[in-house]
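Structures for review follow.
Heads up, the next two complexes both have chain A, just with different partners, chain B and then chain C.
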Partner chain A sequence: MARNSHEKRAERQWLLILLPSLVLLLAFVIYPAIYSVYLSFTNEALTGAAALRPRFVGFRNYTRLFNDAKFWNALFVTFVFVIGSAVIGQFVLGLISAMALRRPIRFRRLFSSIILLPNAAPEVVAGFMWISMLAGGENATLSRIVSFFGVTPADWLQVFPLSMIIIVNTWRGIATAMILLTAGLSTIPAEIYEAARMDGATPSQMFRRITLPLMMPTILLYMLISAVSTIAVFGLVYALTRGGPGGATEVVSIYIYNQSFTAFQLGYGAAVAVVALVISLILGIAYVRAMKVEV
Partner chain B sequence: MKKTVLGGLCAILLSAVSTLAQAEIIRIANHGQAGIDAMKSTVERIEKKYGVTVEVVEYPAPDKDYLTKLLTELGAGNAPDLFSIPTTAAVADMVEAGYLAPVTKEFKAWDGYANLYDVAKALAISPDGETYVMPFMLGIQEIYYRKDVLEKAGISTEQPKTWRELLDRAAEIKQKTGAYGLLFPAGVSWGSGAFDEGFQHLLVGSKTPQLVDADGKLDLNGEGIKDVFGVYKELIDKDLMPTQPLLGPEPWVVPKYQMFPEGKLAATTCGSWCYIFDWGRESKNPIPEVTKVVGTWTVPGQNSGQYVLANLAAPWAVNAKSANTELAIKALMEIGSIETQVSYAARIGNIPASKDAAKNADFQKLTELVPIHAAAENGVFLKQASGFGTVAEGVARATEALLRKETDAAGAQKILADYVKETLGDDMVK
Partner chain C sequence: MAVVSPSESANKGRSDLIAYATLSLISIFCAVPFFWVLLASFDGNAQLFLHWPEQWTLANYVRVFSKEDGAKWLFNSLFVVGSATLLVMVLSGLGGYALSRTRAWWKLPFLYAILLIRVLPPTALVVPLYKFLLTLNNAEAAVLRPVFGSYARDIMRWTGFIDGYLGLILVLATMQLPLALWIMKTFFDGLPRDYEEAALMDGATLVQRIRRVLIPLALPGLAAAGLFAFMSAWGDFLLPLIFLSSPELQTLPLGLFRAFLRINEIDYGLLTALAFIYLLPAVVAFGFARRFLVQTLSGGVKG
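Take a look at the complex of A and B:
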């Protein structure tokens, strides 16, 4: 009996400890999520008659969405952005940096500091910083640099908009990739490489047969984290291109913003957000199951 | 002892009274540093006259971001008491959303009412017949051209009389000088400017010069709309108008602040503010002797007529959910003083809506604006209606498709109509 009362008291104490977090979770995560789903079934708007008298419209927003070429364009752009930036750019360069930093190279600390610097800049700041590099035609810093080598200057954000935001986001994300992959590399015992070396394995063989297989759990986990964070990128793209020109860089997060706060259609914007969330969840779960990643 | 206690009590009482007297705060949203500077003496006057504290909140530029922030706050119920609205196209929608307090009675009783230009009074009336916005400043828009560039190349600087003449002049400029011949703001990034500073200039002189029918429905199938997009199409296809800069995040920077001062763009739509803010003394890249080297043309009609567009330049309104609407309306009237109007004119280049400004010594010093002020009465405008904000966004999308050469004039009109129907529902559009 005494034990039961002790357990109950302990439970109550745990509940008290958890309560603030639960309240915050409810207020800032669960309630907004439920409210977004509710909004997606209304014609709620920030202006016009619908702002004063929003009404329930059933699945109208969803049927509109599936016929909306701009939504499908946003999904496609997001897919290319994630593959180009997170999967190819950040991962490849992050892995190269991580492997380079394992070796006793000169200026190692300086090198790692330089790679870490972009991560210190907030998304929007990084975006505005890169505008001076890329925008303004022949006045852009990049144009001046390439002119020196005989390349024709261009307004890079207009000519290669998606490629440019992929490059800038890759630049920002290398540090995270490098840190995570360095941690993964450090778990591989040095003796394995030593033994392989004694057996006459080349660096390429060691990479393919030791490093990659043993790093696979870290790589898969990194890919998942990186893809999720890249899907959520907003400030960088907004600062650089605002989704333009002509929707060329309109990733889903920008599309949701444009529908909600440029066209002021909160209901429709919420429907886009709900569908984007469902698609991300399905892909995420499928990825985790296919790769058998333990998260 | 008694005296000390009594003294202390008096001090507490005085402090409480003065706190109560200063307790009321009016929050005013203003757009950028120039607007805040223009309001400085007005703010002091409001504080002194009504014993309130005025808190000026700087809202973001460009206009699109300003409107987003304002509407979000209005929707959430925590917007400032008093604010300017960056585009006339948004007013009717804001009225319909119930955001703006009606001020018809106070406006007509205001001592400055009689001296306002008729066009300002007409622009202030909403589709429901009430007044919700104060038309203190006007934006008078025309085509501004580089007189020096044209004269040097032997090109006529005479007023073009039709769209054809205007397009031919632009082609001649390109051929003889290599400079772009004419710019109409276009594309999504320019925000409401694609409509306010571009599209409506031509529409008022087209075969179907209004967008709203007698029932208040939006008529987007008019022949004039297609013809207007046709003008854009020709300018773009013949490379008479710069397109690449318009697709960037700040599309006005390169053509307005670099190409025009350098003479690489010879003509563009602009408002009275251009002589002050864009290329004049407040500019970061001024054109020397701007009024001599930059001339103005009215916008010709499709086949005849001359059009000078009059807009309300960021009209002021009171938040319908303000904690103290009455006080906010009183403060609103102070913004209409000649002193404030002239202060705005000097810093931003808009035109005072009051005829009395002509008698003001400070205004007379603004020699660039004096003749425009005198001609303000002749301005024309589009009748406003609910849904205009969406039409403006639709025009931006349609012109962006033209800039990207993805469609023709008929296709652009379809993009506009489809966007408005999708957003507002079929029943809003004729």
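Take a look at the complex of A and C:
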């Protein structure tokens, strides 16, 4: 009995130690998330009459969302951005890097260091680097490189804006994909490949029949993590295009920012934010469930 | 040991060649954008596009610290991100320890909840955060003004929630907390309890146990948590963009961004020198974190 109450006191002690973290998370993440839902039902604005006396407007922001072509555009652009950079670009290049680095070749550390480098570049610096690569028409670094191969130079960010931000975000995320997929690859026992080789399997057969199926849990986790983090990308796109030209790269995070801090419509911006929160939460719950399976 | 037949070794050589070729291509793709910042910052005649400097110079770096506000931006960034990192290390050290040792019912729900918190996009939280911080700020000002009079403004610069450092530090730290808590919890899970139990036997209090036994043992974990917190807070652009407006409070990413917005008169030498200074701590931290990075991300895979 005495021991039991002692244990209870000890457990309370642990909660007390955790309390400062809990308070910060409640104040600066949970409360804003809930407040965001509340704001989305008001006509709150940053300036003007609504800023002084915001009113409850029910579902008006949401019905407006439904008819807002720019909102649907933002969702579509985000979808293409996530599929293009996270699901395809980073995944394919990350997987190729991970598989190539499995071979006992020289300069492995050097190669992997270079591939990790883009991930270290702060968003704004990464944006400027790529403006240097892409902007300036004939003078742009990329134009000079590709004109060697007979490709006509262009103002890449103007002509192919969405493709360009997909390429830049791919560049930035190869490292994460590589590290995660390397970890996944390392869990496949080498004996399986040996046995398959004995049976005369070709490398592509081994990839399709062994590597891919055994990597599926890792790939699923990777897809969820990278989708979630790509939806959150803001600074990189903001530095590169600020959503332009003409909304071509206006991903949801840029749209929220523009609605709230350029158009000053906090209530409406909050409605868009709630949609982003819900999508992220659904992906996040899938991620936590996928992890649970592996625990 | 199987005997390697000639055809098999030729096959192996070819696969190695393919590995070299693909890794070289991907490495070039990854490295080339860096060259502009590197070369232009030492170029007396820097341009937007990549070119080999005709006259090498350190003048750009001298100008960053003498004529421009580079030194101020660097100091502001180091102060804000450094404080946030320290806060994360202290809180995640304590919280991670509690999460590792407790057997209470709330442990698992809490661990999953903070994973979900990490998933929420900061852009979606920033408007309500701004409004909340504004409320806190007004409340603080209402208390400080009658007491400190004209000095209240100077105090608010450091302790304000909007356009002051305190709010930015707290929010930056909070955003890094979930990952840090997971790192520290996993780290303490790997520490044997023998030391603590021995200290407990000797009659040490909890505070004594933490200070004499746990902190020394926890240093590698704290270093990892601190490095990750530093790296993402250092690179963050959104939060200072929203929360800071006074020129004297600007941090490096903002100073850099505003320098780039001076259309028609962008000084690329200055800009790239500033970018290089901003890049350096991030790359150094990344170099140190490399080992932990593999562990943390792959640890995430295994749960």
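One rule holds in what follows: the second predicted complex is superposed on the first by the 278 of 295 C-alpha atoms of A that agree within 3 Å, B and C clash if a C-alpha of one lies under 4 Å from a C-alpha of the other, contacts with A are read in each partner's own complex, and residues count from 1 in each chain.
Going forward, contacts are C-beta pairs under 8 Å (C-beta built on N, C-alpha and C of every residue); 3 or more make two chains touch, one makes a residue touch a chain.
Treat the numbers as computed from the prediction; the structure is a model and nothing was measured.
S.K.: If we overlay the two complexes on their shared chain A, which of chain B and chain C does A:162 touch? Say first, second, both or neither.
M.R.: In the superposition, A:162 touches no partner, neither chain B nor chain C.
S.K.: Taking the superposition on A as described, I'd like to know which of chain B and chain C A:246 touches: first, second, both or neither.
M.R.: After superposing on A, A:246 lies in contact with chain B but is clear of chain C.
S.K.: Report for A:261: first if it touches chain B alone, second if chain C alone, otherwise both or neither.
M.R.: Both chain B and chain C are touched by A:261.
S.K.: Based on the superposed arrangement, let me know which partner A:276 touches: chain B (first), chain C (second), both, or neither?
M.R.: Only chain C is touched by A:276; chain B is not.
S.K.: Which of the two partners, first being chain B and second being chain C, lies in contact with A:184: first, second, both, or neither?
M.R.: After superposing on A, A:184 lies in contact with chain C but is clear of chain B.
S.K.: Between chain B and chain C, which one contacts more residues of chain A in the superposed model?
M.R.: The larger set of chain A residues in touch belongs to C.
S.K.: Applying the touch criterion given at the start, work out whether A:135 contacts chain B, chain C, both or neither, answering first, second, both or neither.
M.R.: both
S.K.: Between chain B (first) and chain C (second), which does A:171 come into contact with in this model arrangement: first, second, both, or neither?
M.R.: second
S.K.: If you stack the two complexes on chain A, which partner ends up touching A:215: first (chain B), second (chain C), both, or neither?
M.R.: neither
S.K.: Using the touch definition from the top, say if A:64 reaches chain B (first), chain C (second), both or neither.
M.R.: So A:64 only meets chain B here.
S.K.: Identify the residues of chain A that lie in both the chain B contact region and the chain C contact region.
M.R.: After superposing on chain A, chain A residues 131, 135-136, 239, 261, 266 contact both chain B and chain C.
S.K.: Looking at the complex, which residues from chain B come into contact with chain A?
M.R.: Touching chain A from chain B are residues 64, 68, 71-72, 74-75, 90, 93-94, 96-99, 187-189, 244-245, 247-249, 254, 386-387, 389-390, 393, 400-401, 403-404, 406, 422-425.
S.K.: Please name which positions on chain C make contact with chain A in the complex.
M.R.: Of all residues in chain C, those touching chain A are 15-16, 18-20, 22-24, 26-27, 29-34, 36-37, 40, 47-50, 91-92, 94-95, 97-99, 101-104, 106, 110, 112, 114-129, 131-132, 170-171, 173-175, 177-178, 181, 206, 231, 234-238, 242, 253, 256-257, 260, 271-272, 275, 278-279, 282-283, 285-287, 290, 293-294, 297-298, 300-303.
S.K.: Can you tell me which positions in chain A touch chain C when the two form their complex?
M.R.: Those in contact with chain C are residues 11, 13-15, 17-18, 20-22, 24-25, 27-33, 35-36, 39, 44, 93, 96-97, 100-101, 103, 105, 111, 113-126, 128-133, 135-136, 139-141, 144, 171, 174, 176, 179-180, 182-184, 186, 203, 218, 221, 225, 228, 231-232, 234-235, 238-239, 252-254, 256-257, 260-261, 266, 269-270, 273-274, 276-277, 280-281, 283-285, 287-288, 291-292, 294-295.
S.K.: How about chain A: which of its residues touch chain B in the complex?
M.R.: For this pair, the touching residues of chain A are 43, 45-49, 51-52, 64, 68, 131, 135-137, 155, 157-158, 239-242, 244-246, 261-266, 268.
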